[in-house]
Amino acid sequence: MTLPHEGVDAAVIGIPFDTATSFRSGARFGPEAIRSASALLRPYHPALDVDVFGTLSLVDGGDIEITPGNALRTTEQIAAALEPVVAAGIVPLALGGDHSIVLGELRAQAAVHGPVALVLLDAHADTWDQYYGERYFHGTPFRRALEEGLLDPGRSTLAGMRGPLYEAADLQVPREMGFELITGDELVSMSPGQYADCVRGRLGDGPAYLSFDIDVLDPASAPGTGTPEVAGLQPREALDFVRALAGISFTGFDVVEVAPPYDSPGQVTALNAAAVAYDLLALLGVARRG
Amino acid sequence: MTLPHEGVDAAVIGIPFDTATSFRSGARFGPEAIRSASALLRPYHPALDVDVFGTLSLVDGGDIEITPGNALRTTEQIAAALEPVVAAGIVPLALGGDHSIVLGELRAQAAVHGPVALVLLDAHADTWDQYYGERYFHGTPFRRALEEGLLDPGRSTLAGMRGPLYEAADLQVPREMGFELITGDELVSMSPGQYADCVRGRLGDGPAYLSFDIDVLDPASAPGTGTPEVAGLQPREALDFVRALAGISFTGFDVVEVAPPYDSPGQVTALNAAAVAYDLLALLGVARRG
Amino acid sequence: MTLPHEGVDAAVIGIPFDTATSFRSGARFGPEAIRSASALLRPYHPALDVDVFGTLSLVDGGDIEITPGNALRTTEQIAAALEPVVAAGIVPLALGGDHSIVLGELRAQAAVHGPVALVLLDAHADTWDQYYGERYFHGTPFRRALEEGLLDPGRSTLAGMRGPLYEAADLQVPREMGFELITGDELVSMSPGQYADCVRGRLGDGPAYLSFDIDVLDPASAPGTGTPEVAGLQPREALDFVRALAGISFTGFDVVEVAPPYDSPGQVTALNAAAVAYDLLALLGVARRG
Amino acid sequence: MTLPHEGVDAAVIGIPFDTATSFRSGARFGPEAIRSASALLRPYHPALDVDVFGTLSLVDGGDIEITPGNALRTTEQIAAALEPVVAAGIVPLALGGDHSIVLGELRAQAAVHGPVALVLLDAHADTWDQYYGERYFHGTPFRRALEEGLLDPGRSTLAGMRGPLYEAADLQVPREMGFELITGDELVSMSPGQYADCVRGRLGDGPAYLSFDIDVLDPASAPGTGTPEVAGLQPREALDFVRALAGISFTGFDVVEVAPPYDSPGQVTALNAAAVAYDLLALLGVARRG
Amino acid sequence: MTLPHEGVDAAVIGIPFDTATSFRSGARFGPEAIRSASALLRPYHPALDVDVFGTLSLVDGGDIEITPGNALRTTEQIAAALEPVVAAGIVPLALGGDHSIVLGELRAQAAVHGPVALVLLDAHADTWDQYYGERYFHGTPFRRALEEGLLDPGRSTLAGMRGPLYEAADLQVPREMGFELITGDELVSMSPGQYADCVRGRLGDGPAYLSFDIDVLDPASAPGTGTPEVAGLQPREALDFVRALAGISFTGFDVVEVAPPYDSPGQVTALNAAAVAYDLLALLGVARRG
Amino acid sequence: MTLPHEGVDAAVIGIPFDTATSFRSGARFGPEAIRSASALLRPYHPALDVDVFGTLSLVDGGDIEITPGNALRTTEQIAAALEPVVAAGIVPLALGGDHSIVLGELRAQAAVHGPVALVLLDAHADTWDQYYGERYFHGTPFRRALEEGLLDPGRSTLAGMRGPLYEAADLQVPREMGFELITGDELVSMSPGQYADCVRGRLGDGPAYLSFDIDVLDPASAPGTGTPEVAGLQPREALDFVRALAGISFTGFDVVEVAPPYDSPGQVTALNAAAVAYDLLALLGVARRG
């Protein structure tokens, strides 16, 4: 990938990888599906009152070369591909791919910015130590990131966690790591403003990274994902939470876990993922507009 | 189409046309799908307390002959087919078909009733001047209708508009034409009664036409449509808005943009479209019952 | 089916029958689909704070042998298969199958416990006398159960009924039978606590049976069902209503009308059905935990 | 059904019944799907050189009223509905529906014509005595027909049987009943002319009925069917066998076991069924043309 | 489209247009689907013993800008876009798109090369005068091309025609225009060598254009197409016919009528179309290799 | 897995693994789909005249525990799980799963029997050295097996290879390893007897293993697979090749690369895979019957 760096604000970058998936595979075709579903997007974002494509200089950086079957090596490939992008002051918007890819993204972020705050919208906290004995997996990236010093948990907020757990203590684990954790039940009882206040109250001034796992949405709106959990957010709710973060200057974004083979014929998952990606760029547009 | 006019209150009429579609084609099979999904409908509407099939004399007028590939000529065919229906005092309920068909419907309405008020539920205002240089297209019918003097914008209400735009001024265009425009965000903050008050406050005594574009619903409930926009209405919300209009005496209805090839295997779009069509007939039943 | 009875709390039992369906057949594959979709379930239920698999001794009792094409005989086969299960103090959780199967389930319940209270979540009251002249059908089981003395209507609550009816009196029929009937419109205006108070206020001390027809959900979340009705509950709402019943000691459960051939490629209906089934077991876990 | 009998050659009649299905249900929507897929048919059949719609006076007789859940009663309803059609000299072309419906069709045929010869193309001989204890089922109609004296087995030919059996003697059963049975393996080794010679050699002068079970086709071409068997006929082969029967004057036809919920998105099963139905009418056209 | 002309042998060019479709629309997404399905293609073609990607300098020229809703204007846009490509000595391989697009392609061909010979593999001859009154439609391009002097019918061969016709004379029409017409029935009775001899025997020395309508394949292999006809070619047969043409130096190619919304979940139509496109490039590779 | 070894002839064993897939993932659900599609199988195999379920003592050994994301470890898990099965004289029939699993299977075979002959039906030879740098991948197992001394190439026959290659020498590689390689084009020109003679002529007396990759079938019959290649075998052809091997005493079997998320709604891939699996058991039945 040889990006024209001069003056570029953000780069959309696909990471077609799904080896580290515990249930339904297929997210390797997520980037292709999200790009296809983005055909209806237009420049102006009415809710945030920003001309996204006019304000930002955007490029599509294509897909990162990954290694199917090897999450460890792929993590390295992602970090190597993204670090020069981040170093050039370009905000990457990664399209996944299973959630294991975020570790490579965070390595690139931290290499340039130092430890970043994580703003996560996800049905799962992804802070397990291992899964089937695998340490590089889509349920473990944030623990690895913490071990590697890539994240600042005290400035981070994880929200949307729901569904059955292995044991009662499971949700305590990320909290003991220092993360703020807002369960899905708690999240839907908050207004977008309350959620954003909570996020902002912790963020402070350092760099921040927003990761959006499409499974935070209800399966009716995101059937095409690796580990669906019932009773999630409606797209309207999710976008309102995202938009409430306007003003924060994120240094990186991703939308992950879009698994097209399980999507509906009308590709509702990809449509929602493309809309979220567009809203993330709109957040950047608001921040850059000043 | 030779309808038995004597004593008929309403006619269900298919318009299997999708030439004027900008994104996903397929709405030509909309009428077939909606009819198929209507098999579970029964006479009595509990929410509006009306025996729809007992109160109204209904006929299925079959499909209007259209010209695939030619929106201009099709508009003429639709107007020619519907004018005698409207002139006979029959309320047509058109099943689309892409939204370009409404121009022909409005020509028939205006030829009999004079300019009508438009009550539109739709994700898009469809008031562009042209699209790819085409003036007869599914994003332009209401501007053409206005130019042709078929609509009374001062009595009309467009509601549900959402999604990215070309520029900030886009939503101003229909307002400058004289339409009341309620965005999707505004609509969901209103109660059904508030919405109906707004519609009624503008309508006055003249004729009124209700057009329901299925894409006003969220893609989870209406994946089978030409230009889906994320974060739309839930069916429960949409039906509550429709039902709040009970008492208004509409002279015509349509349900458009049902594109079956993108529908789910369970045909959720067609089911919702059939339910909306049934509710529109229930509105007529309430009006006729007096 | 030879269950190991000693110490078993509950048995999951499939009833792959769909002969008594009026519209879309296919529920015979419901048990297979629900089991497949249950792969992501884990022991601990955070909302009810109960270790479901740790608290309860659960078995999968396989499928009951039924007779496709013969609802009358199948009812007898179900009752014969379940009675020894219930008699052994095991709570059956039946996976359907069309709703006609509940008659066999209730015969087994009543044979052991006497007439039971029914807690029904369903888009339809299923209290018709016949359908196409058939008395053993998926729209008639609760009338048959009443005639056979299996139910105590004065202690029962039916909730979620919606959609067009044959006539205005239809909803009066179950009320005249003595059931409490909460329509879908009424239900969504209640809080989970209000609903549970209503159920508990009627239940008293006798045995209670909970039947969950998946069509109480909106078709976006349950497209794979025999007689979908638009504008139903969101999964989050439905689960909140179910969870509010914690503390009630049910003697039997079912989740019915899951018709996989109409489900989405991501199997959203089956996922929701599996989640409901898990929540029913969690109710039992709460009750057994004391 | 009130058909205009005068001068009508053939009537297309739907029988939307699937209660008597052993595996995949859904054939109740077969007639709707076949009619939908017939939209591309045109008058002239080049291979048989006959103007089908010009030669024959055809009507669509709609669907016969059946009783879901009750095969016995449905058989009577079919016979009652078809007998006046056959008596009026109209050749019925029934669209199924599971194969149990053929018993009602044959009762109507025999009531008018006396015992008929059966020309069957099917993966299964459907001559079981019972299935799950049910005597009126989609695997038993030809044994019932024989018992009722509706068929003349000595003039009949069953072809296309394939797939695993319960025991070695299974294929002997229909032979012992007097039917000629050509297995699928034997059939594909014959030329269309050889097959037709075999059929004609047995037929003699009496009335003949052709029943085409869509599962005689390979599942790649007929996935939407109740009991698919792998390794069946290609459509080109099947149509060549059918066309080779030109000159025989059949008194009735059916195309059965089309189960749309299992069909492909492009509806390949329904397309093939519509093509077979068209070819059956072409056979009649050839016979009537003289 | 600004192609790097120097030394380029062939350009793959999408034409996402489906306005001129008589039955199932959706071919506008054909180019996207064929490109997606081409991911598995590799350089070396064993049957033709040619290193396709090594022998040829290939570019992907993106999609031509077209006008949805306007076949006449689109034809002009296609011709304008392709003429400089052809003039530069680049062989275009167009991915459709409905078959109306071939008229624009042939205008570009004829503008550079003079009238070309047509080698057509298609279920339909596409030589109607009009369709629904439309003269620019997917069933009329070769008549228009003839009228415009773009084709040399005496050097052309149309093969694969099958399915019902309007009248017996229909197949005579293209023959009277001077085309050689080989029906589908005739084609499958020929060996690939016989077919190729027939094509070569007419071609002589002038320029030749190969158009492959995916509906020449059987619907089991090409369900995703606008006007499917049952009983078509198997992919193995079709590819053998194409490969037998090795040695002919074509000046242009297309693969048309791929309609993804009707394709199977495994995208079998797109896979076959990509394979045909690859084989067409292999023909060019053989010709260029000398 | 604790199998009851006494007197068991064969064990069906699922290996739900798809990490080592280069294109479409999803084969981890292959075992579940094949088992589901096997519901229609019956004891007697007419073509081979053997009572499969009567002759053989069969068990379903469930699924082997594997490690998603780790092909190397999974290979070890498979070998460890299967070796005691093979050592007990039980013939395993493995249901995959991507083709990388065969390495574990062959380790178990060779540990008990020494190097085995391979009879492979597959679109690909799977003898690459690495893929994306990965040595344990679904395109490499037979090279690894050769390196580990598990195979006797001189006694082995690989058949069905087709599709584009990286270079002309690709098909020479397995031949240079000592394998007999019959391309797909060669295979379809052979009779089943000729194929079987070729296989038998090489086999001699030692142990033999049959691996059936479902992608040897045409995508119309096997769309649900990881790396589909167009123009493959029809199921009728494939089964005839398999059946011609009757008499050979195989010590192990597999059916691999069934990827359900890409299968058709009617599950044609799984149906064909189940039929192949049944035929493999029939081969064993013939061998054991003596």
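Order of writing sets the labels: A, B, C, D, E and F. Residues in every chain begin at 1.
Note that in this section a residue touches a chain if its C-beta (ideal position, glycine included) is under 8 Å from a C-beta of that chain, and two chains touch if they have at least 3 such contacts.
Because the structure is a prediction, the values reported are computed rather than measured.
A.B. asks: Along touching chains only, what is the step distance from subunit C to subunit E?
C.D. replies: The fewest touching-chain steps linking subunit C to subunit E number 2.
A.B. asks: Starting from the Cα centroid of subunit F, hunt down the chain whose centroid lies farthest away.
C.D. replies: Centre of mass proxy via C-alpha means gives B as farthest from subunit F.
A.B. asks: Tell me which has more C-beta contacts between its two chains, D-E or B-D.
C.D. replies: When the contacts at D-E and B-D are counted, D-E has more.
A.B. asks: What rotation angle, rounded to the nearest 5 degrees, superposes the C-alpha atoms of subunit D onto those of its identical copy subunit F?
C.D. replies: That pair's rotation angle lands at 120 degrees.
A.B. asks: Just give me the whole-number Å value for how far the CA centre of subunit B lies from that of subunit C.
C.D. replies: Once rounded, the distance between the two centres reads 38 Å.
A.B. asks: So, what's the distance in Å between the C-alpha centres of subunit E and subunit A?
C.D. replies: Roughly 43 Å separates the two chain centres.
A.B. asks: Please set out, as single numbers or ranges, the residues of subunit C touching at least two other chains.
C.D. replies: Only 218, 220, 234, 261-262, 264-265 qualify.
A.B. asks: Dump the list of chain pairs that touch, please.
C.D. replies: A-B, A-C, A-E, A-F, B-C, B-D, B-E, C-D, C-F, D-E, D-F, E-F
A.B. asks: Spell out the part of subunit A that touches subunit E in their complex, as residue ranges.
C.D. replies: Listed in rising order, the residues of subunit A that touch subunit E are 32, 36, 261, 265.
A.B. asks: Which residues, counting only subunit C, touch subunit A once they are in their complex?
C.D. replies: Spelled out, the residues of subunit C in touch with subunit A are 39-47, 49, 51-52, 218, 220-221, 234-236, 239, 264-268, 271-272, 275, 278.
A.B. asks: Would you tell me which residues of subunit C are touching subunit B in their complex?
C.D. replies: 23, 162-168, 170-171, 183, 185, 188, 218-220, 223-225, 227-232, 234, 261-265, 269
A.B. asks: Of all residues in subunit B, which touch subunit E in the complex?
C.D. replies: 18-22, 24-26, 28, 67-71, 73, 132-134, 136-137, 261-262
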